[in-house]
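The next block holds one structure in the form of structure tokens; read it before the comments.
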Amino acid sequence: MYFASDNWAGAHPAIARSLVTHAEGYAPAYGSSDLDRKVEARFAEIFERDVKVFFVSTGTAANSLAYASIAKPGGVLFAHREAHMLEDECGVPEHLSGGGRLCPVDGGLGRMDPKRLEAEIARFPAEFVHAGRPVGVSLTQATEIGTVYSLDEIGAIAGVCRRNKLPLHMDGARFANALAALDCTPAEMTWKSGVDMVSFGATKNGCWCAEALVIFDPALAAEFPFIRKRAAQLFSKSRFVAAQFDAYFEGGLWLDMARHANAMAARLAGHVEASGNARLAWQPQANEVFSIMSRTTFDTLKERGAHLHEWGVPSGLDNGPRDGEILARLVTSFATRQADVDAFAQALD
Amino acid sequence: MYFASDNWAGAHPAIARSLVTHAEGYAPAYGSSDLDRKVEARFAEIFERDVKVFFVSTGTAANSLAYASIAKPGGVLFAHREAHMLEDECGVPEHLSGGGRLCPVDGGLGRMDPKRLEAEIARFPAEFVHAGRPVGVSLTQATEIGTVYSLDEIGAIAGVCRRNKLPLHMDGARFANALAALDCTPAEMTWKSGVDMVSFGATKNGCWCAEALVIFDPALAAEFPFIRKRAAQLFSKSRFVAAQFDAYFEGGLWLDMARHANAMAARLAGHVEASGNARLAWQPQANEVFSIMSRTTFDTLKERGAHLHEWGVPSGLDNGPRDGEILARLVTSFATRQADVDAFAQALD
Amino acid sequence: MYFASDNWAGAHPAIARSLVTHAEGYAPAYGSSDLDRKVEARFAEIFERDVKVFFVSTGTAANSLAYASIAKPGGVLFAHREAHMLEDECGVPEHLSGGGRLCPVDGGLGRMDPKRLEAEIARFPAEFVHAGRPVGVSLTQATEIGTVYSLDEIGAIAGVCRRNKLPLHMDGARFANALAALDCTPAEMTWKSGVDMVSFGATKNGCWCAEALVIFDPALAAEFPFIRKRAAQLFSKSRFVAAQFDAYFEGGLWLDMARHANAMAARLAGHVEASGNARLAWQPQANEVFSIMSRTTFDTLKERGAHLHEWGVPSGLDNGPRDGEILARLVTSFATRQADVDAFAQALD
Amino acid sequence: MYFASDNWAGAHPAIARSLVTHAEGYAPAYGSSDLDRKVEARFAEIFERDVKVFFVSTGTAANSLAYASIAKPGGVLFAHREAHMLEDECGVPEHLSGGGRLCPVDGGLGRMDPKRLEAEIARFPAEFVHAGRPVGVSLTQATEIGTVYSLDEIGAIAGVCRRNKLPLHMDGARFANALAALDCTPAEMTWKSGVDMVSFGATKNGCWCAEALVIFDPALAAEFPFIRKRAAQLFSKSRFVAAQFDAYFEGGLWLDMARHANAMAARLAGHVEASGNARLAWQPQANEVFSIMSRTTFDTLKERGAHLHEWGVPSGLDNGPRDGEILARLVTSFATRQADVDAFAQALD
């Protein structure tokens, strides 16, 4: 019963096979191989427009270099208080952007409130050199707590960005899960809604190491080859990342995997709701389930072989853990078996 | 006839298979899986001592974070004038070390001259805050031009370091090729000769993406988990790197591949020597052959299907290119076929 | 009626004279003159112990380099949500510390609540590389809103630091005003209460440009000459800063100036309290008065020649501005004349 | 006999008086006072065009922030091998530019050879991400060894810059001395010859602390307020720097002081030439004299009360020190008395 994280899973067999297929022969290094080009074209198809695609080694690298690409001296990037960039990246965005700052924005269930965002941005008047100045906004889709911005909600954030002339970045570490949840096109969830660049993650969804920064505006992308290289993120045998993406997109595998993970999360949530020993902290929308339970129940689950993590309680949560209770996170993935989900229900009884 | 670079090759089948083998199942992320631990133990065996091993995504990352781990405000790192860190890393060492500086050191055939090194270090008197201060030395083994430091030569550099209380880093992007050339043990080529840490590269020698910083002194390694994470170089599915190293070391595969590459380079060098249309710039010791030829010959070779690069002429080279001549670099790898080497001889005729 | 800021004042005549006195003759540069040494000895007397004193050009430099001196990869510094470092330094601490992060801590009236501080620190478990790690705490004395930590309150913050093995920095841009308010010794307000280093500001209190970082622990200070130089903060004619401090300390001038400024603030507060057109937002303790008034009153005051600033309302303020009201800041200094303070009372009527 | 450095001198009485004059009263902080504006207008007059002027605390800050203002990821700045930025700034340019790199350029007597400059720039082909890319050129006027670029020589460097689309910075720590040597206008020595920005130093020439970055192109200057603030280089009581410049320019005082310093250097050089115990290493053009003498003579001079420094021998010097000889540097300033110069002649006998 592995629900600790989607990065505990391995790789989908089709992706493993693709790596073997491309192991032979010679190809130019540093992203200039035919396979690299084919995959970039595939991204363009998927996003229904020309895009610039830059492979990097981790999602944190994609996010941090996205920030670096829009950073200015004294710049401030706005993100949800519980965003990965703020909570789980060990100061990488600050470091790789040359000393940038992240400003936390509040909002319920992992999503920035556009009004709060606007208010935070307004704290930095233009030309007031002492406070610093806004340089961009980052939203996480799906959020860190397994919820999803609707297209309207993305549009509302993008509207704030447009009024303040700020680029909008999407941390898409779980891009596919969000897309499956919204059942819309990648274009709709991104540039058609006002997003300027995406950290497009595939590692958590069935790859070994496949992360890309996708930039829609060629002008924004112009400096990026140097920004990536300067952070030691340019793979020599780049084609091995391309090989993963090649299989990932083939026949819609990526969406199949995301739909499976989401369905397993929904099934898990159903078990939690049905149980008398735990309750849902909120309704899951992607592949993460957050459940409130007594510490005793939590410990029992672990003894019975369930892998899951205790989690920090988000600020502003109604009906959160009471005395003796904790919040637990369960994550599903492409590899989650229904049998394990159902075994969890039994373990919870 | 692919001699453009060893990073144009793919992956050895055994390494590809290892990735498939480990694609299934669940394992803790971020380097804490059983396979990660097994591989770290394997490194300890190979180096005949406890070591700390940190996977990163590129050789440039390994070098730059090695620098970051010993950097101090105003610090200067010494390396050969034509070292990868100085010539091919786009300022990454400076950036990731927080603004460090590299000081070029001269020396014949890619190897620092210990006397020149000592003289350069002496330009930075202790306590003279204006000039900055030495923080370490990096040597490249095999060098950028396919030569190799002998054990005595490494020891001489290490002696300078010891007298000046400076840590010594080895850029081992082609560690295996150098080891095969010297026919000594990894321990002899490193810590027994006074080396404190090694960028241990396997990507150029048959892996897809397998680079590690190996640190011998636990005190030097204490901060490294944060240094690596802070540079966005901590893989979540770290075990996929471990899987490559696992197969790499199995049954001495790594040395077999390196010996093959070196032998192909020697054979290629023999062809060059035997030819009337080109000559060796210097005797190769590892898997790179540098040859002087007329531009016409160079162009003809390319027309005939040879992949090779024109190369900058190292300073201080005796008997270098004359008018109308250029320096060409040819690199062999685990994947180089003898037939291609011999075809090159014909193309050169 | 100049109450816009204490940095709108010029310099005390005795300090101006000292600069003239020391304008003649020759002296070694970069802090090694006799006068530099004399002033460092004076600091030691004042703090009743050996200290290391480093002049820098601005208070922001002192704060940021204090941070740099304790920074580690992934490090987080804790400060009050409305601290100068967080609100008015344009990302300098992040930049000069090589990409550090500041974590805001709440607390009433500009002072960190020790329990909140402890809770924030606890969010960063040791060895959990993703979140980053605590590296220090900074408190502002007097605070940005003119209040003062008592010795017990400093001790409580220092206790949290000690338990968590974190160095404690004091931003003393208004050190003298706080000292005059507490009527204690510099030693009591700093190292005897657990403070490890102080940004000792004199610019706001009658100098032109006299800021120093005072470090109590020689081990903490060992790297600082390079940290300062590396930030371009080493004055060549350092003695001109020394000359200001020389006069500043002479005959207790610094405390006389601070007491005057505080007394003028108290008098101003009395006028506000007595007026029907404004009220105190809280009781001033040093040289800043915060008053709530209608925007109409604010505008009238400015028309009548008063220089004062509208100010952001601190979070968690009871009894703050109501509809149509604003918060205004008034700052006094060594140069404030009682006649102007009383003229303000009339303008307010 | 103080010839150790021009920064051992104090301040000219007129400049000291100006500080006293402006010590009284109130003025807006951070560079927005009337006096700040008046001085900026004065700079515009002197340079015969609109300019942007930014005060900073040290010449190293001016140079490093000039670099920061044109830095790009992977960027390389070109300067003479013995430039202050390379030899005496402790890595500040690298640090404050966010990890930039300096590339040394050779050339006789402290001046870059335009052909060597062009050759160094050519080592960084556009789009070749591995090597990095040129971002600017910095020349020092007067040079570190007391020579001066002629207008034609500046124009030749500027021509290389123009062909490579690179901005040209002038390190003018001894701007006035160079100007006096060339007997041309500030405009001719800078923008009319193709210079884009100048570190305009006055500290060495009779001020206490008066350094400014002067930027000719408003577009290049647009980001600079944030760049300066972000480096903690924005003085609150900025008017005290303005006060120094105000007196510095008044009645041509700055040029009078520079001419005096240069004349004293010429007189000193005459004494050296006339002496049998020392010889000129090269002909001085500004306010520095470099002399070759035996170590015995050097020691005797110091015993007899002369302050002077032994100096590193520039590369490529013809007729340099022979066995037992050293190179000594003597610097004159506005404060150098002819009697001391003549006393040196006697001490040398």
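For reference, chains read A, B, C and D in written order, and residue numbers begin at 1 within each chain.
Rule of thumb we're sticking to: a residue touches a chain if its C-beta (ideal position, glycine included) is under 8 Å from a C-beta of that chain, and two chains touch if they have at least 3 such contacts.
Quick caveat, the model's predicted, so the values are computed rather than measured.
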Most widely separated chain from chain B, with each centre as the mean of CA atoms: C
Between chain A and chain C, centroid-to-centroid distance (C-alpha), Å: 41
Intercentroid distance (Cα basis), chain D paired with chain A, Å: 51
Interchain centroid distance [CA atoms averaged], chain C/chain D, Å: 34
Set of chain B residues in contact with two or more other chains: 30, 73-74, 89-91, 95-96, 98-99, 129-130, 132, 226, 229-230, 234
Contact graph of the chains (line, ring, star, complete, other): complete
Residues of chain A that touch chain C when the two form their complex: 73-76, 87-91, 94-102, 123, 129-132, 312
Contact set on chain C toward chain D in their complex: 2, 4-5, 7-13, 15-17, 19-20, 22-29, 56-61, 64-65, 89-92, 95-96, 203-204, 208-209, 226, 229-237, 239-240, 307, 335
Touching residues on chain A, where the partner in the complex is chain D: 30, 68, 72-74, 98-99, 127, 129-130, 133, 223, 225-227, 229-230, 234
